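Take a look at the structures below.
Paired with chain B in one complex and with chain C in the other, chain A is shared by the two complexes that follow.
Let's turn to the complex of A and B:
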C-alpha cells in the first residue's frame, strides 16, 4: 500500500503534534501539582496568610505552565500548518519537531514547580520575606524554562526551514535524531535547574539576609546545569545543518539516529546530577553564608565531574556523525 | 481569595494595556497584522490567567469526584482556549503568527518584568 507525499506529511505532523502536546503536558502538570501540594502544607501551617500563599501559588503556577504552552504552540503549528515544500524529508522534520518539543518540556515543567512550591512553604515560615521569595521563585522558574525554549527553537527550525535538495536518506534520520538529541537532553537540565531554584527559596525562607549569596549561587548552579542541554542543542544543530551525501546503506541513517539518542539520553543524568550539586550548595549557603565561596567551589568541581558523562556522550555522538 | 483577585486584576490590566499600546504602535507603523496578532494572543493569555484563579474557587466545597472533574475540565478548557489565537493566526493572514505566540506569553512576561523591575533598585540600594 503506497501513500502520497501529502498523506505521509499529515501522518507525521499529526503524530508529532500528539507527541509534542502529550509529553509536553506531563512535566508542567507535575510541577504545578507540586506547587499546589506545598501551598496546602503552607496554608495548614499558617492559615492567617492563606491569601499571600494563594497569590504566590497562582503566580508560580502561571510561570510553570509556560513549558506546556510552548508545547501547545508547536502542536498547533504541526496540526494546522501546511508544509510550504511538501516532501518526505519534511515529514521526518515534523516528527523530529514533535519529539524535540514533547521531551524538551518535561524537565522544565517539573523543575519550575519546585521553586513555586518552596516559595509558598517559605512564605508560611517567613511572611516578611514574601517579596524576596516571590522574586527569587520567578527568576528560578524562568531559568528552568531555558531547556524548553531550546527545544522549541529546534522544533521551529525543523518546521520552518526549507532544507532544499538534501537527500532523503540519511537526512530523515538526522532530523529525527536532532529532535531526540535536543528533547531528551533538555529533561535533565530543566529538572536539575528546578532543584537548585527550589533549594534557594527554602534557603531564603530560612535566612532572608543571605538572599544575595543564595540567588548568586542558584544562578551559577542553574547555568552549569543547563550545559547538557546546550550539548544537546549543539548536536541537533550539527544534525540539522551538516550536509550528508546520499546513501543507500541502512547503517548511515542509523548512525545519525544513534548520535541523537546518545546525546539525548546521555544528557539526562548529568543535568539532574548538576542540579543536585547546585541544590546542595544553595541549601547550605543559606545556613553558612560565611563559607559561600568554598561551597560554590565544591559545587563547581562536583558539577564538572558530573558533567563528564555528558561530554562522553557528546564525543560518541560526534564520532557517529563524522567518523562512522 | 481577595488577594488572588487583586493579583489577577493587576497583571491582567498591565498585560492588556501593554499589548494595546505596543499593538497600536505597530498598527500606526503600518504593521497591522503584528499589532492585531499581539492583542489577540494577549486577550487569550489574560482569559487563561483569570480562569486559572477562578477555577480555584469553583473547586472548593464539592465532592472529591466533582472537584476532580472540574479540575480536569478547567485544564482541558484552558488549553483549548489558548489554541484559539494560534489557529486563527495560522488560518488568517490578518494576524501575525509570531506576534500571537508572543501575546499568549504576555501574562508571564508581565509577571517577570514586574519582579525584575523591583529587584534592580533593591540590588542597587544594597551596593550603595
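Let's turn to the complex of A and C:
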C-alpha cells in the first residue's frame, strides 16, 4: 500500500494541527478558570469594588489566553500550509511543530492563571494597591508566556525552514524529537513561573510596601525556572540544525527520538520544582522583607540543586545525539 | 529492509535510556523544589536558624536526588553497557 508524498504531508499536517490546538487548549482553560474562581471569591468578599476586580480578571485572563492563541495560529498554519518542496521530511517537521506547540502551551496557560487569580483576590483585600497588583500581575504572567513563545518559535521554524535534501532517515526522528524536547520541557517552566508570580501577587496584597523586593525576587525566581525550557530549546535547535549522515540502521533515529524525549520529560520536574522554590521565597519576602537577602540566597541554592536532574537529562540527550 | 534482532535491541536501549532519564528527572525536580520552598518558609519564620535550615535543606535534597542519580546510572548503562 503506497501513499503519495503529498498525501502523507497532509496527514501529518492535519494530525499536527489537531495536536497543537487540542493540547494547547488545556492549559489556558485551566488557568483562566482559576482566575475566574478567585475573582468570584474576591467579589463575594468585597462586592463594592466588583468593577475593579472584574476588570483585573479580564486582563489576567487575556494574558493567560495568549498561549492558546499561539496554538491556534500554529494549528491554522498547519491546516492551510502547502509545503514548498514536498518531501517526507516535511511531514515529520509538521508533526514535530504540532507536538512542540501543543505541549508547550500547557504549562504557560495554567501558570499565568495564578497571578491573575491572586491579583483579583488581592484587590479585594487591598483596594489601594490595585495598580501595583495589576502591574505585577502583568509582568509575572508575561514572563510565564516565554516557554510558550519558545515553543512557537520552534514550531514556526519546523514549518517554514526548508531543510533541503537532508537524508530522510534519521532526520525525521530529529524533527519529531525537536518538537517533543521543546514542547514537553516548556510545561514545567511555564507552570513553575506561574507559581512564583501568583505568590508575588498574594504577597503584594499582604504588604504593599514590599513591592520592589517582591517583584525583584519573583523575576529572579522566574528566570531560573525558565532554564529547563531553555535547555529544551537548545536540544531542539541542535536536533534541527545538526546534519545527520544517512543511516539505514533503526538505532540511529531511535537515539534522536530518545534524546528529544529525555530532555523534554527531564525539563518538566525541575521547572515545576524551581517554581515552587521561588513561590516559597517570594511569599516569605513579603512577610519578612528585612531578610530578603537570606531568602534570595536559599532560593537560588535550592533551585540550583533542583536543576541538577535537568542537567543530567541534557547530558544524556547530548550523549544520545553526539556519541552513540 | 530486514531488521536484525540486535538492531532492535539497540534501538530499544536508546529509547529506554531517554525515557529513563527523562521521566526519572521529574520526581527529584519537583521534590527538591518543594524542599526549597519549605526551607524559604522556615527561614522567613525564623531567620536566626538560617545556617541550620540551609544544611537540613541540602541534606534532604541530596536524599531526594538519589532517584535522579539512579535514573542517570540506568540511562548510562543502557547507552554504553547493555
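List of remarks:
Throughout what follows, the second predicted complex is superposed on the first by the 324 of 324 C-alpha atoms of A that agree within 3 Å, B and C clash if a C-alpha of one lies under 4 Å from a C-alpha of the other, contacts with A are read in each partner's own complex, and residues count from 1 in each chain.
The working rule: a contact is a pair of C-beta atoms (placed from the backbone, for glycine too) under 8 Å apart; a residue touches a chain by one contact, two chains touch by 3 or more.
Computed from a predicted structure; not experimentally measured.
The superposed arrangement places chain B and chain C next to each other on chain A without a clash. For the combined model, the angle formed at the CA centre of chain A by lines to the CA centres of chain B and chain C equals 170 degrees after rounding to the nearest 10.
The wider contact with chain A, measured as residues touched, comes from C rather than the other of chain B and chain C. In the superposition on chain A, contact is made by A:266 with chain C only, not with chain B.
With both structures placed on the common chain, the touch criterion links A:131 to chain B but leaves chain C unconnected. In the superposition on chain A, no contact is made by A:39 with either chain B or chain C.
Contacts of A:218 after superposition on the shared chain: neither chain B nor chain C is touched. Of the two partner chains placed by superposition, only chain C is touched by A:277; chain B is not. Within the superposed three-chain model, A:63 lies in touch with chain B and out of touch with chain C [touch as defined at top]. After overlaying the two complexes on the shared chain, residue contacts for A:303 are found with chain C alone; chain B is out of touch. The gap separating chain B from chain C at its narrowest, counted between C-alpha atoms of the superposed chains, is 25 angstrom. Those residues of chain C lying in contact with chain A across their complex are 1, 3, 7-8, 10-12, 14-19, 21-41, 43-45, 47, 50, 53-54, 57-58, 61-62, 65, 68-69, 71-72, 75-76, 79-80.
Listing the residues of chain B that touch chain A in their complex gives 1-4, 6-8, 49, 52-53, 56, 75, 79, 82-83, 86-87, 90-91, 101, 104-105, 107-108, 111-112, 115-116, 118-119, 123, 126.
By the touch criterion stated above, chain A contacts chain B in their complex at residues 25, 29, 51-52, 54-55, 58-59, 61-63, 66, 68-69, 72-73, 76-77, 80-81, 131, 134-135, 138-139, 142, 212. Chain A meets chain C in the complex at residues 184, 188, 192, 228, 248-251, 254-255, 257-277, 279-281, 283-285, 287-288, 291, 294-295, 298-299, 301-303, 305-310, 312-313, 315-317, 319-320, 323-324.
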